[in-house]
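Two complexes come next, and they have one chain in common, chain A, joined by chain B in the first and chain C in the second.
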Partner chain A sequence: MKSFRYYILLLPALLLSMSVVLIPGLLTAYISFTDWNGVSPQINWIGLGNFRAIFADNVFWKALGNNIRWTILFVTVPVFIGMLSAVLLLGRRINATLYQLIYLFPYVLAPITNALLWLNIIFNPLTGVIGFLRKIGLNVPAPLGNINTALYAVAAVDIWHYWGFLTVVYLASLRQTPMDQVEAAQAEGANGWQVFRYVYFPSILPTVLLMYVMIIIFSFLTFDYVYLLTGGGPAHATEMLSTYAYTLGFSTFQVGRASAVGLVMSMFGLIAAAFYTWLSRREITE
Partner chain B sequence: MQRFKHLRHSLWFVTLLLLGVTALSACAAAPDAASPSGSADAGGGERQTVTMWFWGAPPEHQETMKAVLVDPYNASQSEYELVVEFRNTVDKDISVALAAGEGPDIVYGSGPSFVAPYATAGKLENMDACSAANGWQDRILQPIYESGTVNGSLYSLPNSLNTLGIFYNKAVLEENGWTPPTTIEELEAIMDEAMAQGMYASVTGNKGWKPVNENYASLFLTHAAGPQAVHDALTGELAWTSPEIQAAVEKSAEWYQKGYLAGEDYVNLNFNDAVQLLADGRSPFFIGPTLVFQFATQFFQGEDAANLGFIPFPNVNEELAYPLYTLGTTASLSINANSDVKDAACAIIDRMMTDQFLVDMTARWPGYWGVPVKEINVDSSQLTGLSAEYLSAIADIMAAINSGNFGYFTATFFPPATQQEFINIDTVWLGTESASDMLERVETVFTEELNANLVPPIPAPAQ
Partner chain C sequence: MSHNVSDHAKRKIGNAFPHLILIILAAIALAPLLLVLINSVKEHADIVRNPLALPTTIDLANYADAWHYGKFSRGFINSIMLSGMTILIVLFCSSLAGYVLAGKKVRIWPLVLIYFLVAMTIPIQLFLFPLYFIFARLHLLGNLIAMSFVLAAINLPLAVLLMRTFFLQVPKELEEAAQIDGATTRQILWNIMLPVVSPGLITVAVIVGLASWNEFLLTSTFLQGEKNFTATLGFLSLNGTYNVDQGLMMAAAVIMIAPIIIFFISIQRYFIDGLVGGSVKG
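Moving on, here comes the complex of A and B:
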């Protein structure tokens, strides 16, 4: 009877989860094995045809490679900046909240606002920083126009918007570290690096790992900044699995193929989530 | 305790500020409606609402649409009320709504290649009866009318003709002793000189809208490969890998690599930026679609309006007729199969398919309302400046279409996946693949679409 009551209490969350996650997820999996164009009532089962088509397409592999590069960038650069600024803020007694607000500011703005800011204030050859540098005689290339730099230019905008969020999360976690441990380490003569390495870092490790998993999941789903800044160009230099799927779904009416790409994207997220679950369970048992 | 209190105040302050910022940025996404109330009841009582979604035009253009279309229609009868919603994401919104069996009564689309899948799926209404009742077949340019048919029945009509040509700054050409070019050699010579002087050869760019690439794919297909070759490829009689089509793609790549398309700034400029550069005299040319006239109104104002000229693009292949225009349309108008007010939607589209509507809209919104009628029989003498220049360009295009001297805009006549391959033409421009590799893929994709009956009707050009 008691367990029945628990199930009843679980029901609202379960229904919500099924309607917005499970059912669309199952439908996407089904559609990925069909030739559905997104509008036609006729849906034909084509087996692995969509997967064969995307695996034979160079653009798919280019997009997958870009997603992996993107993930590597995001698990290093913003994590380093976020951690460094959190540690620096930890020592500040005054204005730490103000700094957090400033760092978090780009994160709360809509992606379209941030993208337009960068397009018009930084990259614009007429009114932006690029235009200004050219006016004073510096021959500055266009970062978004070069296939070798476009991905890093887009990532720079997304990192600029994201690292402040990591700072706030890391700082909140650092503040949970028991002060007696910190003071004991300092009393034993540990320097700043040693206090961080042997006291703070083990304390915030679960948060760091969680953020790593979230970053990996988001990196394989990334869409907004790429779509807004380059649309996946030039010459697929910034193409991601998400922009590739979007083009297939909304521009060429190949919703079956787009679903197949979506499944591949989900697989990477699933691996990251499974890894995190395994890690959490190991932590509990230990 | 004091410290905790301070922290709590700070957190409140941060939370409130962030909420404020978020709310402000959310305001930017709200769609506008041309109807003052955005509702069917605005002064209409029992009226039924007829809805139309349109792209997020600037406020002054929204006002024009209200004054020329919405208010006169609503005043002309008492049964219906037309409500136009301007949406920045109209293409995606329409796709999602139609797929769900919903959406506006009048369906805005991106052209025949957009219409075919929805018509086949039964999402759009057959407009044959509406056409017969209003005599559209006699009024509308034949190739354009045909392009809106699917399996012989009409499913859409475009709101406007759209072609590609050269906008030029008359003052810049005069200052440098250049005359408007009529051959490709003259054009390239001027662009080389301009670049040598530190100017852009021409200005354009795909910032914010990658499909701008297809303007230049279409341009070189028309003026280098020629209309007949493209027609034959679109009807399956010629392979896309044929030498004339490959030469056209390679010519476009040569232009990009020489910096003729704004150089590396191509991805950093949109049409507004490009027209501003043209108006500032930093480039002699802007090579692009006639819909750019609507952006030019912001930069070529007053006496400066006389500085903007428009000429046809010269042929790369000298054997082709001149002037030759790439035939395209800006958008398509259809009727939702699930609409309860189909007759009213038909009547509204009919109001938009007249030479009077063309002139009235062009007077205040040049560049987007070149209604595809066979001829203009109403008085247009009141038009001045850019409106007159645009009307003159449209009249030239109508004459060229009537003579059969037209090529094919990819967005209008190519099936969706093939069109996407030409949008990705920048892979050839930037050297990540060869023209032959790209066209082999086009051939494969096109053959699939041809077999699936996704190619719209292709009007034949003049022999």
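Moving on, here comes the complex of A and C:
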């Protein structure tokens, strides 16, 4: 029974993950079919009642729409900035590391730190840069207080903190492109764009796809910056599925309904996870 | 103007423009942080007058006040304990699991691998509510040790995948030779494999340490009671009460930013290795 010993080595990781993630996850699935409020010993099975309720709730659809808008912003803006900066850094022999480090500064800081510094010194209409611009006579609206701009203002802070991560990942992937292919293309007279399009791009495509999957997954789960900057407001203008579930669970104690939202969110994640597993299939079969 | 000179000039402009873009991007990343720094030594009235102006006098009292009101002495100790325990739990679990998965030591290894791949993309809201009410029932809200197990569990999938990759890079002959010499599994792991993958252990420790230091959703929900606040929660608690003293808020922000930036610069190689290892396919 040699393999028995190896099962024991797997045990700590599996036990930890199961007791924190899997078993509470299954409980969430159960609770989503009940009217539990989190404290009462009374738990009634109400079938699909919670799902019917959230699908009939305008806030749910508003949140889903915001998650989709968030996804569109994130698969374009940071991907473009990250790719542009990575390609430009690829051509630099000196200081490439220094630029990478600076670009990662916002990424390594806590969401609480980043959100509070933007709230206080930039967005604040009295003490921030916005307030100062108003004082010198510019008519700038408060970005977070306006239902038309709030989502973009929150996304701006999150993108500001995130794009450096993509720079580093794309650059590492670009650098793995075989140099002899690059040199061969250049010898045949390919210009910069053609070298990128026909040599670098096919080489980094798996990484680019993986990053797209990750961005889409995390766009549907996004929570920290939204909750810290606006709490989902004003008037649900920045409500996401995650903040909607959190508010249902902890402000109005509709835990059954919150669990149903959690389950719906996981479904989106699961679709993306299936795609992610498919992308990693070479790793699993190797 | 000769042909040569204009060619040279063109090439110079061709190089300068990309460099300008890189500099502008660096300025975008740094500007908000520099804004915090210059305002952290100013008085509130000066900040209201013009947050973009450089300080005329340097007043460090903001820092003393921020440290006091943010209860950062307690906060930093709690943060260090929480991150430290989380790192130890993750290293223990992920190195054992990574070793088994890399060596395909058990028949169900693809299943376990897929489980962790899926677990990596699961929303916290899938397990948050039952876990919270179980913690409340067991009086574990505010318990740093219990919290570290939760943070370890959410960081575990990435750590297992990274450790597996690091173990895959160890030549098979190393383990086989030890087996022929009659070494036990425990000796192989502890004396042979772990020293070889130690850079990988540091990478995982750095990634997990920063993630748990920065975590917001779970710590702000579970760590109730001011004496259990981490440094980030202490900073969060200043917001709303001390906004009337922006100098203090900005000093508190510097207290949050400076240690992380210094730490990041000193371990950059491991951190970037971890980011790349979990993200680059090919």
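Definition applied: the second predicted complex is superposed on the first by the 260 of 286 C-alpha atoms of A that agree within 3 Å, B and C clash if a C-alpha of one lies under 4 Å from a C-alpha of the other, contacts with A are read in each partner's own complex, and residues count from 1 in each chain.
Rule of thumb we're sticking to: a contact is a pair of C-beta atoms (placed from the backbone, for glycine too) under 8 Å apart; a residue touches a chain by one contact, two chains touch by 3 or more.
Source: prediction; values computed, not measured.
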When chain B and chain C are modelled together on chain A, clash or fit: clash
Partner chain in contact with A:14 - chain B first, chain C second, else both or neither: second
Touched partner set for A:195, first chain B, second chain C, both or neither: neither
Comparison of chain B and chain C by chain A residues contacted: C
First (chain B), second (chain C), both or neither touched by A:247: first
Contacts of A:145 with chain B and chain C, given as first, second, both or neither: first
Touching partner for A:39 - first (chain B), second (chain C), both, neither: both
Chain B versus chain C as contact partner of A:119, first or second or both or neither: both
Touching partner for A:5 - first (chain B), second (chain C), both, neither: second
Touched partner set for A:234, first chain B, second chain C, both or neither: first
Partner chain in contact with A:260 - chain B first, chain C second, else both or neither: neither
Shared contact residues on chain A - chain B and chain C: 38-39, 97, 100-101, 104-105, 108-110, 112-113, 119, 124, 126, 228, 250
Contact footprint of chain A on chain B as seen in their complex: 7, 10-11, 13-14, 17-18, 21-22, 25-26, 28-29, 91-92, 95, 98-99, 117-118, 120-123, 206-210, 213, 264-269, 273, 276-277, 416-417, 419-420, 423-424, 426-427, 429-430, 432
Chain A - residues contacting chain B, complex: 37-41, 59, 97, 100-101, 104-105, 108-110, 112-113, 119, 123-126, 130, 141-142, 144-147, 150, 228, 230-237, 247, 250-254
Chain C partner contacts - residues on chain A that touch it in the complex: 3, 5-7, 9-10, 12-14, 16-17, 19-22, 24-25, 27-28, 31, 38-39, 81, 84-85, 88-89, 91-92, 97, 99-106, 108-113, 116-122, 124, 126-129, 131-132, 160, 164-165, 168-169, 172-173, 176, 203-204, 206-207, 209-211, 214, 217, 220-221, 223-224, 227-228, 241-242, 245-246, 249-250, 255, 258-259, 261-263, 265-266, 269-270, 272-273, 276-277, 279-280, 283-284
Contacting residues of chain C [partner chain A, same complex]: 18-19, 21-22, 25-26, 28-30, 32-33, 35-36, 39, 44, 47-48, 50-52, 89, 92-94, 96-97, 99-101, 105-107, 110, 112-134, 149-150, 152-154, 156-157, 160, 185, 210, 213-214, 216-217, 221, 232-233, 235-236, 239, 243, 246, 249-250, 253, 256-257, 260-261, 264-265, 268, 271-272, 275-276, 279-282
